[in-house]
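Input: structures, listed below.
Each of the next two complexes has subunit A plus one more chain, namely subunit B in the first and subunit C in the second.
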Partner chain A sequence: MQSLKNTFSSLWQTLFGHPVRAFGAVSLLFLISLAIAPAKNYFSEWRHYQNRYLALVRGRGDAVTLQRHFHEHDGIQQIWLPTLGVVDRCTTCHAGLKEASLADVGTQPFRQHPVIPHTLDQFGCVMCHRGQGPATTVEEAHRSTAAWEQPILPARYVQSSCGQCHRAPLTGTPQLNLGRNLLGRYGCVHCHTIKLPDGSAIKPTDVPPSLSHVADKSTREWVYAWLKDPQAYAVTATMPNFKLSDPDARDISAFLIANSTPIAGDTAPVAPGAKNQKPPDPTAGASLYGESFCASCHAVQNAAGNVVGGDVGPELTRVGSKVKPEWLRAWLRNPRVYDSQTLMPHYRLTDPQVSLLTAFLGNKTDSDLLANVHLDAATPEQVAHGKLLVTEYGCASCHEISGIKKPDNFAPELTRIGSKPLTQIIFLPGMTHAIPDYIAAKIREPRSFGSALKMPQFSLAPAQVDALTTALLSLTDRAHDLPLALTVPSKPPSNYQPAGKAGQLMADLTCFSCHAINGRGSDMAPDLTWEGSSVQRPWLQAFLKNPGTLRPALIRRMPRFNLSDDDAKELTDYIMAVYQTPAFDRDSMPSSGYPPAQVEQGKQLFYSKYACQSCHIVDTKVDKGYVGPTLTQVGSRLTAAWIYHWLKDPQAMRPGAIEPNRNMNDEDARALTAFLMTQKGSNKQEAKK
Partner chain B sequence: MAKTITDYFEELRGTRVWRSVFRSGTGSSTLHRALAVQQNVFLHLFSTKVRTRMLSFSTTWYLGTLTFGTLLILVGTGIPLMFYYHPSVPQAYADTKDLQFVVSSGLFLRNLHRWSAHAMVFLVFAHMFKVFYRGAYRPPREFNWVIGVILLLITLLLSYTGYLLPWDQLAFWAITVGSNIASAVPVMGNKVHFLMLGGNVVNANALLRFYVLHCMILPLVAILFVAIHFWRIRKDGGLYAHQSEPTTVAAESVPAAAKGGQFQ
Partner chain C sequence: MKRLWRTLFAVSLTLVSAGCTRKPGPASARKPTGFGAALVESSGGKQIGATGMVLAQPLVVQVNDEQGTAVSGALVEFSGPAGASFDPPSGLTDSSGQLSTNVALGGMAGRYQLIARTSAKTQKTVELKIEEIALGYQQQLGYQLDNKYCARCHNPESSPERVSNYDNLEVKPHPFTEGDTLNKMSDAELTSIISHGGPALNKSALMPPYGYTLSKTEIEALIAYIRLISDPPYHASGMVYAQK
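Let's look at the complex of A and B:
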């Protein structure tokens, strides 16, 4: 100890004992510490990565080319796009992004960028990946620091960045498209306003039923069970679980039933005499359900637990436990009486058919669902408390409830949620402090952020959570502040309305629930915008009366609406007159009388050159194509002019058609048209007629 | 006898060029030494003669000199920083990022500037405490104490105006809060606030004003007052020595070579 002290003091004396020596020693110390700066500068991270890149490239066959590319721009690389506010130096370390020959290199940061529709020089890196573009160190560029809140976007949400500019769905971004659909489908936008850069707002696409007349339709017990756990009634239900306590669910159900007002004609009690009728054939109901293609829109959970059917209408697995038979009967007769806005078409069912379906659906019950629900008669206090709860939980944001106003901005606006400052967010303990994690956690389990929060629990699959997160992440400041010229807008929503009596008929049959016309409607069934140029009048009229299948492989089909002759004619007239393409005249080519040689040539082309039989069927005995529609009767279904123009360019006739454009020459197209126009249907069917 | 470095230096001092620049001639007599100080524009601010014990560490802890040293570092690093910095809203933050990531030793420059600024504020306070507790503010040095207080304020203002220049969130809110404090002044508070920022909120005008203050006006004023401060030390009779302090320092602590023409 003493010797250490002596050594130290003698060292001190040597270095600082004399002012000149002290000056020299201090100067030396300063010089050394000053030298650290240029040294750090020289041994910087990016230089290290550039050296590693050169070492990687050296051993390769195309080393000379790669080295030349690298040395064309020495030092720090930069993509500078003033209009987008992009200064990206990522390519300083990620040196091989543009080198196609580095496809086999798997180590970052030297991997080649996957092929995308944009070039790096056009958009830079942070537009899609976020992170800090100007940074030249790994930590600063990728992670969030005290002065930079936007770390790199996890790869699984990267599609959100496409959505900053592209408002319309892209084929390359299925996750983003799904997320945007879900925002509407799960009714997120009922409570959360989401304004788009063009000034419009995202509209909900779910149709929450009005609760003003719910007592006509359901029992209080069912309402109670539904409120407690919607997914126990129907696994596909989009209604979220509000995690209500028993008394709260009791009071809300009491209020809703007490608040309900009857609608004249929305119930149809069974006539007393009808009870004596012999029970219908047990399979008749099921076959009518099948023939009417109810499953195109409604799903049912089968014994294996799989949900089978469409998702346009509600799931019907336990519908017998929900609706009252007298309401169901009236609904099936004409749904428009109870709900004028319903997507359900007005089937013209006969009374026996209505009874048959009512009985069939009434049997779809679940005894467990209501087994433990025992509610005493509601007291006025319960009703009053129920009303309070309904207001508090914002039920009227989604459902129409008479006497309760739809609240405005019930939940926080999400217009710029993708750029929400982290300082405004309260994270859960242990959570990564980043926007994607926050959004995903909030969607996955909203009440984990506080049991008093109102946002209910949605039942979403992990993929759906990711999709929703992706869609929300695309709502950034940049998306809103981009120059309009750089955005790719979506098509404005169409509010096309067909006119006249045919228009009323189409509304009654809810054609737009499945078909699209002039940009309005669903994509479940073919677009009918040019239908008048496409089909022949006799076929259309017969089809509307009794739709046959065109694509045998599909489960969904146009249902039979039991239209009267007048109605079918009215619709046919309207379609033939109005839905015509301006591109050609539908009568410009004859429907028959083609020379046999041309027909024969068309047949050769059909089977050999273009191999149409891989997707279509002309001869039911030999052809096996199930992708496209069956063409055995195409000669009496389609017009020759349509076939000809379709063959020349299918996508021009119907955007998004999956038939490939074969760049057919005129002669081939005419020969194939001639051949197809001879396919007028089998003799057997004609004999039957 | 071989020439020593001192001999070479003496020779240099005798050349015509040297004599044209420095008017005091060769020789190391007390007169020559005094003239060398007196006839130099910078050095004439200082006393021509200093007691050796005034140069010992314990007397002043060198706090004033260290403060002046940090000021020199701040000027030395601040000028290169000005080469890379635009005081405009779209550029300012990007420029600090460029300094951090692209400019050679830019981060070192910035950090040195920043830490020196912190050190200067600390040293000014330490210097004032030392002066205060030694009683060195008393007549005839009371005016120099006032100059010192002004220099303290200038130091704080330099620190405050420099804080806005990176134009990040920290800067923005610090200046917003700071300027709001100014608006709490009775009667003319809002006018002062408006004058400070060149507007009602921290914006492009405030950035420009703070930049000009930080890089032009305040440093010039600081240099002016530092000059007066140094000059007053001489005029007030040199560094303050307490009556009870010994007039000489222990012989062994005085370097032998420095004993030449010193007053003890």
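Let's look at the complex of A and C:
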């Protein structure tokens, strides 16, 4: 101890014992401390990367250009965009982002940025990639640190950033579009409110059935089995699994059945003698199912396990185990009696047809589904407990249940979930502490965050989870705080409603389930906004009565609704009068009487210059193309004016049409119109269909 | 240097903590009980996905023995270029000798060669190479356009949703994967034929012009997509500078 003290005091003496030596030592220390800052700068990470970039560039053929670009701005680079709140220094190390000739360089941080519709100078980096823009070390820029919560966004979610400004679907962001679609389709927004920056809220697009009359439709046993595992009944069911215990499912089913009230006319008793009759021909039912194009909306799982058919209506694989035959009869006769809002059209089937379909669908049963369901008669206590559970689980958020109010804000609002502060989140052990990981885990398995949580288990494929995460991540503070002028708004939803008797007919036939008119409706079938300018009256009326085949390669076609002559005429009158384009007069060109020379010229153009036969059929013996509609009777289907204007600019007539614009001159368009108007079809071909 | 010490410290800490825990770790659960002689792809190869995203179909591989019968309990490990990730990255084959993994491709557009490995009885490693394609933003846009405008004629495969028109055409279009033909055409030639139709390059008039329907950006995107999916792969000429 003593020796240490001696050494220390002698060292002190040596350094500071004499004023001159003291001055020298202090100066030295001062110099060293002064050198710390420049040294830190010199040995900084970004300088290291810039030197590596220069070394990489040196050996290349385009070195001179690349070096010149680099030396135009030395030192730390910065993209500063005050309007967007962007201060990005990423280009300090990512020196080759803008160099198109670095396409062959695969090592980071020197890769060229892939082609996107925006430039770096306009938008910077963190708008899309997140991270800490002003940082100049790898750690601080990319990862979340004590002072910065938003690490770099994983590439799989990068489309979420597009969604901050672009509210309308973009062709280049299929994942974001899917995710936004799923938010509505899986009913997330029934429980979670999501407000958009323009003040509107995302609306659900699923239509969960009302449970106020469920006893008319299904048995308690089926309700129980469904509640226990919806996907066991239908693999495509969007209803989530609430992981209910057996007694809970028993009590909820007891309550729902006890709470159900009957609707007059929503069941049609099977005729007394019918039960003893031989079952109708099973193939007849199947072919009626096919002819009515039920598969356009409803899917059925085939023997190979593949789900085949549309997803507008519920899957029908085991529908015979679900619905009561007397309810099904009434539903097929007129679905609007049971559910006035259904997307299913009123088919106007005859009684024998209803029986056929009822028998066909009634046979779609699964004996395993209800084999182990044995429920005793419900006690009042069970019903009361069931009601409590229904309120607790928020069933009324999605389903209408008489006597239970739809709860408000049942689940946390997700309006700004993409920027939720990490301090408000409880992460699971072993989980990366970042928003994307949290959202994805929560969607994938909500109850892993606590078995008492109410959020149910959804059946989603990994790609769907990623898509939903992407859509939710786009709901950031930035998305909400951006000036509206800098966003690309989506088209406001249309609530177009056709008027009068025709309007009622269209509601009854649910035309909007397949067709769009004036911005409302689905894109399954052609847009009818200008149908009145497009088609000829006699054809339309005949088509509504008995729709023929226009596009042979399509599996989804217009079904036959068995309309009465009056109804067909009513609809035709309305369509011809109301759905007209302002662009031209449909009667401005004659439907026949074109000079033969012009017709012949049109034929030449059709087959040689424009080679229309690659996609269309005019002569069934020679032509084979079936991308577009068959044109054998186009002269009695379309108006000459429509054909002419369509040929001039198809996309102007129907946005998104796939027929290319040929920039056709007037003479060619007129000649082709003349030729096509001679294609009136023959009765023989009509009969064949 | 500091990082090296930090890594060493972290490694030793992990080792110590691993040594302290009594619970059997996942490593012991993954002990292979079977050994195969061959590794084959059951499904999930040659998929076209998007950068950074999980492929639509899982990658399924099967381990077989010398007789070609499936081996269960064999350890299969997946690996790939930087950015590609697997869930799970390794595992034991099931009773039918198969192992399924969800693949997410990296952030860069291009071809990803994935490798599945299993060890044979003789301690030899059996490898299987599987190729997947990741589309970037531009190629993704091209893929959408292909689906809408081109695939009906250029893709001979039919699906119930979209019946191919390929067989109906007198002059057969080139499928976009047909690298032998398309790789010989320059970007300018492809742009010209898409914009002005077949006759622009003395080809069939059955190919209509899309120059008045698609924008310049869209045509570039379409070409970027065609270049990426072509088989054999396309290598851009010009503009490539050899690295030292």
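Operating definition for what follows: the second predicted complex is superposed on the first by the 643 of 689 C-alpha atoms of A that agree within 3 Å, B and C clash if a C-alpha of one lies under 4 Å from a C-alpha of the other, contacts with A are read in each partner's own complex, and residues count from 1 in each chain.
Here, contacts are C-beta pairs under 8 Å (C-beta built on N, C-alpha and C of every residue); 3 or more make two chains touch, one makes a residue touch a chain.
Because the structure is a prediction, the values reported are computed rather than measured.
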{"item": "Which superposed partner A:Ala147 touches (first subunit B, second subunit C, both, neither)", "value": "first"}
{"item": "Touching partner for A:Ala371 - first (subunit B), second (subunit C), both, neither", "value": "neither"}
{"item": "First (subunit B), second (subunit C), both or neither touched by A:Ile116", "value": "second"}
{"item": "Subunit B versus subunit C, judged by how many residues of subunit A each one touches", "value": "C"}
{"item": "Which of subunit B and subunit C A:Ala135 touches, first, second, both or neither", "value": "first"}
{"item": "First, second, both or neither for A:Ile76, with subunit B first and subunit C second", "value": "first"}
{"item": "First, second, both or neither for A:Thr171, with subunit B first and subunit C second", "value": "second"}
{"item": "Partner chain(s) touched by A:Cys615 [first = subunit B, second = subunit C, both, neither]", "value": "second"}
{"item": "Contacts on subunit A seen with subunit B and repeated with subunit C across the two complexes", "value": "none"}
{"item": "Residue ranges of subunit A in contact with subunit B within the complex", "value": "18-20, 36-38, 40-41, 76, 87, 89, 134-137, 140, 147"}
{"item": "Subunit C residues within the subunit A interface of the complex", "value": "50-54, 56, 83, 87, 102, 104, 106-109, 136-138, 140-141, 144-145, 148-149, 152-153, 160-163, 165, 167-169, 204-213, 217, 220, 224, 236, 239-244"}
{"item": "Contacting residues of subunit B [partner subunit A, same complex]", "value": "94, 97-98, 100-102, 104-105, 108, 168-170, 255, 257-258"}
{"item": "Partner subunit C, residues of subunit A touching it in the complex", "value": "56, 58-62, 101, 103-106, 111, 114-117, 154-158, 171-172, 174-175, 308, 462-463, 466, 553, 555, 608-611, 613-615, 624-627, 651, 658, 660-663"}
